[in-house]
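What follows is a single structure, and I will ask about it in a moment.
Order of writing sets the labels: A, B, C, D, E and F. Residues in every chain begin at 1.
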Amino acid sequence: MRIDGRKNNQNRHIKITRHYTRYAEGSVLIETGNTKVICTASVEERIPPFLKGKGEGWITCEYNMLPRATQVRKVRDITRGKMDGRNMEIQRLIGRALRSVVDLKAMGERTIWIDCDVIQADGGTRTASISGAFVALVDAVNRIHKHIPFSIYPVREFVSAVSVGIVNGEKLLDLCYEEDSNAKVDMNIVMTDSGKFIEIQGTGEKSPFSREDLNDLISLGERGIKNMIQVQKESLKVDSLWIGTGEEI
Amino acid sequence: MRIDGRKNNQNRHIKITRHYTRYAEGSVLIETGNTKVICTASVEERIPPFLKGKGEGWITCEYNMLPRATQVRKVRDITRGKMDGRNMEIQRLIGRALRSVVDLKAMGERTIWIDCDVIQADGGTRTASISGAFVALVDAVNRIHKHIPFSIYPVREFVSAVSVGIVNGEKLLDLCYEEDSNAKVDMNIVMTDSGKFIEIQGTGEKSPFSREDLNDLISLGERGIKNMIQVQKESLKVDSLWIGTGEEI
Amino acid sequence: MRIDGRKNNQNRHIKITRHYTRYAEGSVLIETGNTKVICTASVEERIPPFLKGKGEGWITCEYNMLPRATQVRKVRDITRGKMDGRNMEIQRLIGRALRSVVDLKAMGERTIWIDCDVIQADGGTRTASISGAFVALVDAVNRIHKHIPFSIYPVREFVSAVSVGIVNGEKLLDLCYEEDSNAKVDMNIVMTDSGKFIEIQGTGEKSPFSREDLNDLISLGERGIKNMIQVQKESLKVDSLWIGTGEEI
Amino acid sequence: MRIDGRKNNQNRHIKITRHYTRYAEGSVLIETGNTKVICTASVEERIPPFLKGKGEGWITCEYNMLPRATQVRKVRDITRGKMDGRNMEIQRLIGRALRSVVDLKAMGERTIWIDCDVIQADGGTRTASISGAFVALVDAVNRIHKHIPFSIYPVREFVSAVSVGIVNGEKLLDLCYEEDSNAKVDMNIVMTDSGKFIEIQGTGEKSPFSREDLNDLISLGERGIKNMIQVQKESLKVDSLWIGTGEEI
Amino acid sequence: MRIDGRKNNQNRHIKITRHYTRYAEGSVLIETGNTKVICTASVEERIPPFLKGKGEGWITCEYNMLPRATQVRKVRDITRGKMDGRNMEIQRLIGRALRSVVDLKAMGERTIWIDCDVIQADGGTRTASISGAFVALVDAVNRIHKHIPFSIYPVREFVSAVSVGIVNGEKLLDLCYEEDSNAKVDMNIVMTDSGKFIEIQGTGEKSPFSREDLNDLISLGERGIKNMIQVQKESLKVDSLWIGTGEEI
Amino acid sequence: MRIDGRKNNQNRHIKITRHYTRYAEGSVLIETGNTKVICTASVEERIPPFLKGKGEGWITCEYNMLPRATQVRKVRDITRGKMDGRNMEIQRLIGRALRSVVDLKAMGERTIWIDCDVIQADGGTRTASISGAFVALVDAVNRIHKHIPFSIYPVREFVSAVSVGIVNGEKLLDLCYEEDSNAKVDMNIVMTDSGKFIEIQGTGEKSPFSREDLNDLISLGERGIKNMIQVQKESLKVDSLWIGTGEEI
């Protein structure tokens, strides 16, 4: 049995609170066990320079942690004077994950800024961010849709993420921080509702892994992501009806 | 009547949630109306270089806003590449306010880091930060006290803060954002439980103010701070028994 | 008697030298005792982006010290790689003080840059900067006026500043550095010729102060500011005739 | 047939030039088709602070491109004032890849700095960097070994990397830049000589991929990596005899 | 005899490889003894803001070293967070040297970016950079000329550079690193094919020098530069036919 | 006749005011015509890390301009976020010039910081800085000498600097800003009292110059530097008696 009593193939308890803060077009608090992330989606009626004239929109993400989200206080980026490499890597990952399920042409010439700010970190913050940010994104897209209806609804399908890993020889789903620190192999998987992969990032810095390990971990991840998408659906309910209609409305 | 139905001399509803996040020695969510700030106090068993050999401790503060705490998304400091002047001013103010009611010698050679991160901003974030951070500080001090009892308990008395201002000719207590944007005169007051001032910062950039105005505003502030200290006391209850004992325990 | 022989309610000797350097539209050396600040006002026929389309001008300030203005050499901001928090706070204060007495609409769509560079610091550099910068500002405004007369002269009235504080139980006007380092309470006051306040910033980090203390200090400050404005008037003489005419010329 | 006449499962021509520059302990020019990277390994007899007292060594990497390695000149990081997110991600990947095949305890308390500087970029620069840097690393380790023989030779086995992807529905090995820009799915694989994975990073931002796609791409990668390791072995020849002896020498 | 067997007035072996990398409009590897610099010239059809409306082009340079070009690894500028003063000085020198022999009006409204990246440093990197960059520049200019012929060919004449110095009382041409570190006087000379000087920078930080020394060193430099220009000419051959035609073509 | 009525071989009026500010160990205002520079020398009883254990002292310089020292306001370095290349070049030059006439071993393990802050710039600020900084340096050295006498007085001889150039075909000494902007050739010369050169930096970016031009300009510079050293001597008078005694005192 695991440190928190879970089975190897069990997610932590997931809770999604929509409309968590007042001003953002989409604002979600996602909790997976003790990991808590505020995900907001902000609509800006402008696009970045590299998209000028392409008739497309953009989704970009920034990820950060409050200094005391962690067991030891982490110095703020602005105090160190440069952005943390890990933060940068994570926010690029979140951006790719969300863009992959959105029809950027249908979205029109606007940018949606995703901000994921971790207020409590107990492992799996990047995957929780993706899962929570998707819900915030849908809320923001619906907010636009209410005022200026899209002719093609831009969100194509649900997307979610989960971590898996090998700890003490056991293959585990949804690692908490203590498991994560002891993992020989650590993998983050981003998958859509239709069971397709957006991103697989597995690393065995402490111990190389076999092809068989890879297969087992991916199966475990598929299971965890299905659970997460179930919670996203329950949270969004009727507000997710348009997702994937993929046609003129 | 004011925009939110309050009387001129009335505080917004105040709510203090202690132990808001798991890892910090002190962790508080303070809400004053729609303003919400996470205040954490982190203990570090080191002191900054300028205090070496003085046998004293230190309290320092960092203040920031989540990008979408505000109605329009604010670019992160690390993205702009430099710290916001307003943030810097505010965190210096919070640090002074807390240090003023703590016996730094009694605290011993350690640093308490205060982090105030605004998750929703509707005016008065700096004063809410001071009021909330004080409670987080007491929790952190008590945490130390439990393990290595102080011979002199270092917190001397309660401290709290509130904003006041002149809006459309009316003198108002505890301004919300919309009132604040229209204020001709804007003042922040930091005061102790014994009714002494730690800091008064009044500015009439849009319209100079008279000495009479100043007196009225300060009286209004005194009232608001008493209310706030009342809430702090109810929140801390028995955990505030040591405050101000000012003698060997 | 004070360290330099002054009475408690006495300003240091004030000297204002106009046209101190050649190129700036306004250029003043202000000396208050051993404190010396070069204040220049530079006219730029552009406005910052946030004012576009508002038909107003802007006044902004930068404040700095030469590295050896102080008893111990201070590292330059560019060497440390970030702006000093204290500098930032001060330049924001100076900007607010000057804007408060100028009709920015009447000024037209231009920016006046105020630069205050301290060449010798013996306490009270921020208040000397405000008092000196006001004179430089008037010279710059008059320079514009000579070429393209304003229909409404934009400077509404004189503004000046002074510091007061409590040192060893005595309430003192215009603190020198040694007094300032020992002050329990330290206050900066910005006031107009008509006796209205623009800014009051009092801090009792080392020792809270009572309402009575506050009243005494403000009275002391009013006295000091009147003296300073007297010197500004003598320095500007006929060049200040237009100030506060507040009507079409 | 592919743009450069290769078959889908064929690597580009690989060339490894050892001792490319004079001063580094290991210095390699690796060419894969038109991609050219200078990889150096520098030995420093110090360890980073976080390893103090652990009796281990460290391997860290920095990756960069010359401004005109690419078809359009790229602004230098120092000119933009911040490090490129992509560079940071890549150098973290290279570091992990090399550390995974080295016994850091056996290496002793020293740091090996890997510098990968791309002088010509035609796709696959990060995988070429890993493959080239491994050879430079072995040369640097041998240089140490000659002077102060290790009791356990620290390099455990060969490691190499390759990219694979799906372009126009075809699964391709070792993508050149033009293929890479049109890839729907893009994957980088790091694998050891024993056929174990160190890192798998696959992304389908433009088009999600199925589990079957994943399996095919990994098989293709395994083939490419075997070829690359073959070239590394031919290049190092007798100088690789110690690798993986994994025991006292 | 010198450390590497040369006579005092002898250049090191010079080798210029054109078309060293694929993408830049001009790309040269210059080797002078063990010093190796990659010089590229990139054409951009834009001019910097300060030239707007002047009908002229611009040539600008950036100079850098790979971290392990030197005997001890040098920290990258982006890691230190600021540009190296020496690099900045050198790139300004290279820019001036090249602009001095180009008719910027004839060049038209475009910028040529020169990048000099030292891959191996054994003294004289700045002079080698100038000599190599000139050849890259000519290749870039000819590339433009092929597509949109200039009415006046903009390169007026050859320019080259060399270092000279006084080491152990001996006046030496083209110092290698070890000589350079022991030089009492160190001088860099930039000269045109017609024997005119563009730049003379001599410094005797460790030992002042007489006017006679100066004259001897300059004569030595003239000799060295003539040799270098000879190699440039052999390298460019027919591609240098237009240089200095200075008239309509 | 020149713009300001001088003869071609005539210096501008030079004025050196010692003890210009109170706190620095040496503090000089140097004026050459309309160019005005505050030069301070600050003694710090520490040496930079690279000198540890060598038993030597160090002299380092920082150079800057007040924003409105010039006809058009110049943005501060800290606002632009990086140091100006020209400033960096100049402060390196000043540092070399002063170190060249000081016996750093005799100076003992301390650093003298030279700060040159231009308050009014009319050409020749770097040469005025060197000439003024030398006087400030001597004052600082004497200040040390008074408290802890040197066994060997560390200043070996006077050093001074001047600019020369070719403007409209005329060779001119000590260029003012307007002359400097029109100069085809521009040269800065640093020379000692014994007529030896420390530094020669000549540039003909706009027009190459002949060896004859070089000779004439240097002769002109020698003349100008002799005049400057004369003024330094008159300013220092008896306080320069120890200079160059070069032996135990």
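Note that a residue touches a chain if its C-beta (ideal position, glycine included) is under 8 Å from a C-beta of that chain, and two chains touch if they have at least 3 such contacts.
Which chain is which protein? Per UniProt: A, B, C, D, E, F = Ribonuclease PH.
All figures in this text were calculated on a predicted structure; none of them were measured in a lab.
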Touching chain B (Ribonuclease PH) and also chain E (Ribonuclease PH), the following chains: none
Greatest separation from chain E (Ribonuclease PH) - chain, by CA centre: B
Relative to chain C (Ribonuclease PH), chain with the most remote C-alpha centre: D
Superposing rotation of chain B (Ribonuclease PH) relative to chain D (Ribonuclease PH), computed on C-alpha atoms, to nearest 5°: 120
Chain pair among C-F, B-C or E-F whose interface repeats that of D-E, sharing over half of the contact pairs by residue number: C-F
Rounded Å distance, chain A (Ribonuclease PH) centre to chain D (Ribonuclease PH) centre (Cα mean): 29
Separation of mean Cα positions, chain D (Ribonuclease PH) and chain C (Ribonuclease PH) [Å, integer]: 60
Rounded Å distance, chain C (Ribonuclease PH) centre to chain E (Ribonuclease PH) centre (Cα mean): 51
Junction residues of chain E (Ribonuclease PH), two or more chains touched: 81-83
Circular arrangement of chains, read from chain E (Ribonuclease PH) onward through chain F (Ribonuclease PH): E, F, C, B, A, D
Chain F (Ribonuclease PH) residues within the chain E (Ribonuclease PH) interface of the complex: 82-83, 85, 88-89, 92, 96, 99-100, 192, 194-211, 214, 218
In the complex, chain B (Ribonuclease PH) residues that touch chain A (Ribonuclease PH): 21-24, 27, 34, 36, 38, 40, 42, 44, 62, 64, 66-71, 73, 76-79, 82-83, 113, 115, 117, 119-120, 122
